[in-house]
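Next come two complexes built around chain A: one with chain B, the other with chain C.
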Partner chain A sequence: MTALPRLSTVLLAAITTLVAVLLYSPLAVPIVSSFFTIAHGNVDWSSPTLATYVALAENHDILAALRTTLIVGVCTVVLSVVSGTLLALYYHSRRSGRSLLQFIIFLPFLMPPIISGLALLIFFREIGLERSLLTVVIGHTVFVLAIVYRTVLMRLQSMSRTLVEASYDLGATSWQTFWRIVLPNLSSAMVGGAILAFALSFDETMITILVTGTQSTLPVRLWAMMRLGFSPDINALVALILMFTVLLCVLAARFLIPRQVATERT
Partner chain B sequence: MNQNTDLLTLRSVSKSYGTVPVLHDIDLSIKDGEFLTVLGPSGSGKTTVLRLIGGLEPLTSGEIRLDGQDISRMPINRRPFNTVFQDYALFPHLTVSGNVGYGLSVRHVPRKEIARRVAEALELVQLGRFTDRFPAQLSGGQRQRVALARALICQPRLILLDEPLAALDLELRRQMQEFLKSIQREIKTTFLFVTHDQEEAIGMADRICVMQAGHIRQLGTPHELYYKPNCEFVARFFGENNLVAGKLGSVQGELRSIETALGRLVCSISDQPHLKTAADGASAFAAFRPEALHLADAKDTDNRFSGTIADMAFAGSSTVATITAGADHTGQRLRLRMPSRVDGSTLKSGATISLAFAPHEGHLVLA
Partner chain C sequence: MSGPGTIPLAERRWSLLVTALAFALPVVFVLVPLAIFLGYSFFSVDQGTIVHTLSLGNYFRFFTDPIFLPVFWNTIVLCLSVAAICILLAYPAAYFLTTLKGRWRYALLMLLLVPLLMSYVIKIYAIRSILGLNGFLNKALVGLGILQEPSTLFVFNMNAILLTLTLLLIPFAILPIFLSLERIPQVLLRASDDLGASGLQTFLRITLPLSLPGVASAASFVFVLAIGDFLTPQMVGGISGFTFGRILYSQFGTAYNWPFGAALSVALAVVVIAAILVGERFGRNRGTAI
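On to the complex of A and B.
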């Protein structure tokens, strides 16, 4: 690319900065204010404190919701990674019905969550399944499956077919080829997909509200807290979730860059 | 290792993808211990032959026999053959030694023996220092050698090589050609080497099988193919050649005449009985190599004609003259190759010269 004239470079930098500030500064507000006390609805900027974090740690409702979120997240990840990988393998092996299958997998991800949630709710009632964490896990898995499936399938499709042929050629059985060649080459895509699935499950609110029983996950709890009024521990909670999400994104990016590119740099 | 016994035989092997036929009734015998090259332009079916032998594709009809036993339906992982793939197909998540030892490890060979044989194989391909590298950390030539070590460690009866040198640059390709040939001599294993590069084929092969459009056109030593091509395709494809169309004339011992636009030419037909029995007046080509064509002198009584030099091209050790010959010096284009001289060629573009080739250096090809 040829270099832009100096003026337009400066202008471009200014616009980029402006957009970044407008878009992302609201995110900084709760993080900053989480380190100050709030009195009568106003932030008291004079005394930085960790009091909100202490209050959060003592809020048993929040801690219970966090625990629920983690349980749901882990169960969803296990379920969606196993089934997403199997579905991707099925699709890749070019058997019949695969385009219909792919359509069905993508449908819940693209539909408005309230529709997916209602459909699931009606379904659970019809088959007589009590609303519980199990129904939440099922709901989340249906929702995030498309992401894991897509991530694994893309890796499968970029994998050279001759790798599998070479494995057979060297005397390996189908089972050995799967465990020793296919799976290791998918593993980083599976980890990346798992992190994305966990992040999505962690955030999911609409489907969760509709299909959960008595227990609430963190976003649902947060929503309930907001309805009752602004409380200082919300700032702390938002700040923690934000940091956690950033960490997940960094991890996902790390695993989704193919190994070959990574090692070539060293 | 007896070079006269057949290791592998293909009998009327055909292959179609859907309704598209890619191989028609192929018969081919591979001798034990030989270096056989399958040569052909892209789309000739040469890679398909290799994939059928390796078991990567099922036959449509015919059979493949190993030591006389039909192995057409033997699964790929049971066949005692190993392949060096065009893209090498090294496992990116395994180290060099992991890749090379894979064939032994899937057969549950004890760890100690795997380590010993991996070290031996890597020594053979001169990669002893690279055991712990990953494929992404190797150069093209090194990957190529890992792929070779991985194929030969299982001591296969036959090593199949699918254009393994195509991705390398010219200098490296030359080195690898010599290297492959020397390894083949050392381990005395049969090599089936697929390529579209005829220079590569001439340099390495004991025998060459020329393929075109799903048929085998000719099978023979490089020398036979070069000097006794049996059809127009081989005569044109295999090395530079001058082909002059004409009608067959009379037979005189080991020579036969042909009437062409350059007049009556006489060519050798020794060891080619089908040319002796071909009918008078049948369409054919006189074929003679650019290096066989020379400026005529008093000794040349046969195969004399005149031509005009259209172009002179210096090509290092040799210089190639493009000549228009024939009745009015326009019809037939010929090439003449002569050794280069430091003080330049005595021939100049536009000059009209008298040319000749010796009858025993000319050959006939039926049209």
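On to the complex of A and C.
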């Protein structure tokens, strides 16, 4: 693609810009309206205000939902990182049934969330588990497990075997090799996977709606409020969440893009 | 002292235990719920309680009732359209990215993918306000003189669902197309150029055919995500925008017929699996390995 004619380059750039505008304009609406008043589709640019942010601090209902979301997110991250890493290690150790196992792990991620959510809903009812934050955490963990598993497995597979072999040659037991060689090499992939898992859990709506009890997470709370329209302080919350999400993305990118570790140089 | 035969036995037991432990969580929380769900589709409901006798009644109702099949079909067409529009927008953008160098290429790719991780519910809400009668889209169209007065063409109907799903899912189309375009060896393009092909000829006869696997994956991703969504149609579809996902969801709410909902889910799963298989079949890269 060295000698693209000028016109087509301009056209392509224009379409790309259009796509970017299409993707970001829905995000711009709440951010702009968190600082300015919007009436009848017109933005009043003359009077920027932080009143929405002040009002947000008073909205206990929303803050409680935010706290619930954070609790669910942290539990989901812990469960999915531990089980995802163990499952990746199992797959990597070439034991029996590994492709079937991988298929089962990927199922909830491939199936529409409504199917995974409803299947869990019926399952919880059959085993007599009341819908609560526990069921939400289980739902989220099942959903994000594939991502953490995949992230860790890819790092495992790119890890040089010579490192492990060297460790054994120097007389380390398999336990020592795991703790001092394998795990440190996996840590950045685990952190990256954890951040992705948290971001997914933070925004998960469809499964949550189906398996949640009386306490709702933030997206579900917002979903319930949306029918009546939002109060302006919700815009402030959205602006804050978007900033937080960008931060998470940047962090995840940092951890997932492989650093120049010793394994690469051998 | 242990004999020579006991160590392999102990090892085999240990290995079996590890396998059982590895399978426990995925089987209990993924496979078993799906199996019970499938089983439910053969039950029925009588006066608000679930009757645990097996029958094909739900499936019979799905195929014979005049409501469900048309909605099912319309939803499939809707989601295929979403996939097509997403690809028409994503392909040029992905192509443009591959013409950029180094850092810029990935920075811009990130920029186009980041909206994926941003609040789904909020995006639906914002798009709804953009599409509304007093929204920015109508204002812009009237302002540009394309429309005389605000139109209800994309307020609470199928068009609104189509536009909203497209805006939400474009990034899912960009990534696979970008990856397949990036994988095309530069040697091929240079060879085509050396042999006297024009830029357009090279694109039509080298780049486009080699990037089709990415297009197939993109179409399958977008289609599957669109057809499984019940929030977007619920929010922007109004009364006329009735999709399969909404009907399915209502079986677990107002209609309260879990077994029938399970049967509808099976129908949905069949379409989704077909879409994934088609995407997988045509999504493989062939002939790019040099």
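The definition used in the following text is that the second predicted complex is superposed on the first by the 236 of 266 C-alpha atoms of A that agree within 3 Å, B and C clash if a C-alpha of one lies under 4 Å from a C-alpha of the other, contacts with A are read in each partner's own complex, and residues count from 1 in each chain.
One rule holds in what follows: contacts are C-beta pairs under 8 Å (C-beta built on N, C-alpha and C of every residue); 3 or more make two chains touch, one makes a residue touch a chain.
Predicted model only: the values in this text are computed from it and were never measured.
On the superposed chain A, the positions of chain B and chain C stay apart, so the two partners fit side by side. By the touch criterion defined above, A:L110 reaches chain C but does not reach chain B.
Once the two complexes are overlaid on the shared chain, A:A253 sits against chain C while remaining clear of chain B. By the touch criterion defined above, A:T162 reaches chain B but does not reach chain C. By the touch criterion defined above, A:E130 lies against neither chain B nor chain C after alignment on the C-alpha atoms of chain A. Counted by residues of chain A touched, the larger count belongs to C, out of chain B and chain C.
With the two structures overlaid on their shared chain A, chain B and chain C come no closer than 13 Å at the level of C-alpha atoms. According to the touch criterion, chain A has no shared surface contacted by chain B in one complex and chain C in the other. Looking at the complex, you find that chain C touches chain A at residues 15, 18-19, 22-23, 25-27, 29-34, 36-37, 40, 89-90, 92-93, 95-99, 108, 110-112, 114-115, 117-127, 129-130, 134-136, 139, 167, 170-171, 174, 189-190, 193, 199, 207, 224-225, 227-231, 235, 245, 248-249, 252, 258, 261-262, 265, 268-269, 272, 276. Against chain A, the residues of chain B that register as touching in their complex are 54-56, 75-78, 81-83, 85-87, 89, 91-93, 102-103, 106-107, 134, 136-137, 150-151, 154. Per the touch definition, chain A reaches chain B in the complex via residues 160, 162-163, 165-173, 176, 180-181, 184-185, 259-260, 263-264, 266.
Residues 1-5, 8-9, 11-13, 15-16, 18-20, 22-27, 29-30, 40-41, 83, 86-87, 90, 95-97, 101, 104-105, 107-108, 110-115, 118-123, 126, 138, 141-142, 145, 199-200, 203, 205-206, 209-210, 219, 222-223, 226, 230, 238, 241-242, 245-246, 248-249, 253 of chain A touch chain C in their complex.
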